[in-house]
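Consider the two complexes below, in which chain A is the common component and chain B and chain C are the respective partners.
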Partner chain A sequence: MLEINRADEDSITILTLRGHLDALNAPTLKREMEELVSQKRTQVVFDMSLLELIDSSGVGAIVSLFKQVRTSHGDVKIASLHGQPREIFKLLRLDRAFDLSDNVRVAVSRFHS
Partner chain B sequence: MGRLRETHGPNAGAIYELKDVCVLGRALDCQVHIRDLTVSRRHARICQRDKRFVIEDLGSGNGTFVNSKPVTRCELCDGDTIRVASAIFAFEEIVGNSSSVTMVGPLKSEPQIVKVVDASQSILTDTQALTGSSGAKAHQILASRLRMVYAVSAAISNILDLDELLDKVLEHLFETFPRAERGFIMLLDDETKELIPKAVKRRNEGDIADLEVSRTILQEVIDKRHSVLSHNAMEDKRFRSGSSVANFGIRAMMCAPLVWRGQPLGIAYLDTAGIAAFSQDDLELLTGIAGQSAAALGNARLHEELMKRQRLEQDLRLAEKIQQSFLPRRIPQIDGFTFCARYDPAYQVGGDFYDFINLPEGRIGVVVADVSGKGVAAALYMARLTRDLRYLALAEEDPARVLQWMNRAVLENNQDDLFVTLLYLVLDTQQRRITYANAGHMPLMVRRHSEQDVVQLDGAAGLPLGIVTESDYTTEVFELVPGDSVLLYTDGLVEAMSPTRVMFGMNRLHQALAYGASHAHDILSRLVRACQEHVLDAPQFDDTTLVCFGLDHPDTDAISPVSTQRTRTRRVRILWKDEDEP
Partner chain C sequence: MMSEEDSSDETAKGDTQGRKRELLRTAERFSFGVPARLEYRDAVRSFLTHICEELVAQKILSERDGHGVVSAFVEAFNNAVIHAYEGNALGPIEVAMSVDPRMLQVEVRDAGQTFVPEDVPEPDLDALPEGGLGLFIIRNFMDHVRYEKRGLQNVLMMQKRLDTPTGHEPT
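This part shows the complex of A and B:
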């Protein structure tokens, strides 16, 4: 199961993911992200504090948003990554592509700096 | 289908049907021609893609606005307002085949339901249902109903195409009910459980007004699974605007659920002018026909699913063939070296791949990679990558530069959710060394000749391919000594799950490498065994690929004396051996 919670703070959108982000649930997230892209919201923070598991389709969905917002000078920042998802990000060296923060507030503030 | 209705502007009142591409502008050849000097010659464009309409501003001087917001590109929704200078358009999406059916309500004065028939009662056998009739008269009605229902049933039961079937059902309803003026069929969407109009029919072709129907009534038909006969159920925009006073007045409607195996699939709806246009008999007959239609619909759906599955299986078989044609059928055979590989897709086709590339001067390119995603798309993409890599490996000696090229190739593919982890190394059989570069892939492992001597090569690590253009990769070198075996693998091995959901993990990988003989064949079979013992009968989730090669050690391997081997390696002959040969 995947729960997605979206909160907009000025130009920044915070997506909180809860549960599992895998091949089964990735399409749900992709629909949410399509909406973000169509609304031209290109500054996105993923709050991963409640995310328990991610697989390559899930990473693919986040990478897809990352690629799309970067073309319009936006960014995707990742907050509170832990457990298995953190291992996957490290394994794929994605910690080098994404700006990782310990919590959402820090991630949001990095858009302002 | 979609259309633009010009609500304000030089051509106010005009309606433009939207084709695949439609340009709005001042130029005469524009499909939507706007006589206004502040409009650019080619101002904006509306394109249809996958049944969706997208408007793009073509760099106009004064901009394009959707719902009062300036847009460069924007997907249109039913009811959106588009403004181009002085002209304002309402975008209307037309679902169904002629014009839209809109559900409205709850209304202030909901239509009055005058008669109800329970759809679960068979009107064909249950004479009790024939209210107000008895004896011979009842049988006569029953027989005539049976004939009509049978005629419809016979005509539609063999139609397997959904659209054709729905059109046919409406056609028969119009024949059966000569007074019906308009009719439509709505089906419940599997996911959203919302009623979607699928087929609309009007007796009078000039009748192009939108149909509006009470949501409350339709929901009641679906929820209670009974048919209803009602008056004034439908409101017509034309009547409200008073443009057709002649028809103003009460309309009668009938609506029956399409129930199949106890589940509602949708509704069939008929309406006409006049208060006593339909009778209780009509309602019962409609209920019967709706039941037969639902059965045909259920069959058509099953058929469609079956076809889809068959197509999918065909796709899979094709992709499997394509993929296998790209995996190396032969593994290299070089004096003094041993190569082996094992590929185990989780599904019929997978996103893993490995390859051996024969390079000049006794060098061999070895690659193991994992394409994100699974199934046919990943496999087809993998096949393409293999080809690109074979070409690049010949053109470029340095593994890091090969990865830089590959990264660009993956990015050019423009598939946003696609990325690839890939480890590429070049084995120089003369210099006895490997040079390698890693794009987000599992680290290389080397088992030295003596037990417990395992080296993990974490260096040269970069981002997976296809994430950012500016990815940097580095090349590292590792010198081989006799007895060294190098292992390349994909995360399918490390993440293999036991029945109790425990991952195989790096520790078990280290253990299997550390203990036992260091020969490549031994290592590979130990790993496969360890993984099988760990996974037991748990389902395999991800592809697993293992490639192992080693520089043979004189103590453990029956190879030619060192002196002869040296002379040989100076002019290396690379032979290729079929994998299935002993």
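This part shows the complex of A and C:
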């Protein structure tokens, strides 16, 4: 199960993911992300503090958004990565590609720095 | 076997470790059969997660490796549903797990289309691929992986070595 909570703070959108981001649920996130892109909201923070599991399909969805917003000079930042999702990010070297922060507030502040 | 009268602080500690090993003295096996639908994956994954957490608690599997084993299983199950059966629940998926003092083994078996693992290219991680990562995850998180045809079944066998509890050599 995946719950997605969206909060807009000025130009920054925070997506809090709760549960599992996997082959079953990745299409739900993709729909949410298509909406963001159509609204030209290209500064995105993923709050992963409640994310328990991610698989390669989930990773693919996040990377897809990352690539899209980068073409519009936006960015995707990742906050509170831990547990199994953290190990997947490390294995796939995504910890180097993404700007990782310990919490959402730090991630948001990095858009202003 | 040491009698209770011989018990001291040191032997009491040894007994605790011995009791833990008792759980794994012989291979314990678990098997599941589910329809090839992603919706059923988490029931089996929850059980594997429980096994891994127990092995982590016994300090014979690191937490990182526990996450790796679960990740590999998830990808293997996904591949069976999405690729072997092409998303149609045309047949069953069997999952067999065994754990002994040296090894945790997980097999994912399907009766769908066979693939050739050697034909799956290594992903270029620098290019940030959005797919084709499942087999890479499996190979890199597990110590030994083998894919073979057994009768009508495709079998993906994955093994993770377990650490030896401090002060106890495996018999």
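Please note the rule applied: the second predicted complex is superposed on the first by the 113 of 113 C-alpha atoms of A that agree within 3 Å, B and C clash if a C-alpha of one lies under 4 Å from a C-alpha of the other, contacts with A are read in each partner's own complex, and residues count from 1 in each chain.
Convention: a contact is a pair of C-beta atoms (placed from the backbone, for glycine too) under 8 Å apart; a residue touches a chain by one contact, two chains touch by 3 or more.
The structure presented is a predicted model; accordingly, all values stated were derived computationally and were not measured.
Partners chain B and chain C, brought together by superposition on chain A, clash. In the superposition on chain A, A:His20 contacts chain C only, with no contact to chain B. Once the two complexes are laid over each other on the shared chain, residue contacts for A:Gln68 go to chain B alone; chain C is not touched. Contact with both chain B and chain C is seen for A:Leu91 once the two complexes are overlaid on the shared chain. In the superposed pair of complexes, A:Leu53 makes contact with chain C only, with no contact to chain B.
Looking at the shared chain after the overlay, A:Thr28 reaches neither chain B nor chain C. Using the contact criterion defined above for the overlaid structures, shared-chain residue A:Gly83 touches chain C, although it does not reach chain B.
Clashing C-alpha atoms with chain C after superposition occur in a single stretch of chain B, namely 367-375 (options considered: 25-33, 223-231 or 367-375). The interface of chain A with chain B overlaps its interface with chain C at residues 23, 56-57, 59-61, 63-64, 66-67, 91-94, 97. Put simply, chain A touches chain B in their complex at residues 23, 26, 30, 38, 56-57, 59-61, 63-68, 70, 91-94, 96-97. Chain C meets chain A in the complex at residues 38-39, 41-42, 45, 64, 67-68, 70-71, 74-75, 78, 81-82, 125-126, 128-131, 133-134, 136-137, 140-141.
Within the complex, the chain A residues that touch chain C are 20, 22-24, 53, 55-57, 59-61, 63-64, 66-67, 83-84, 86-88, 91-94, 97.
Of all the residues in chain B, the ones that touch chain A in their complex are 74-75, 370, 372-374, 416-419, 421, 440, 442, 461-464, 466-468, 491, 542.
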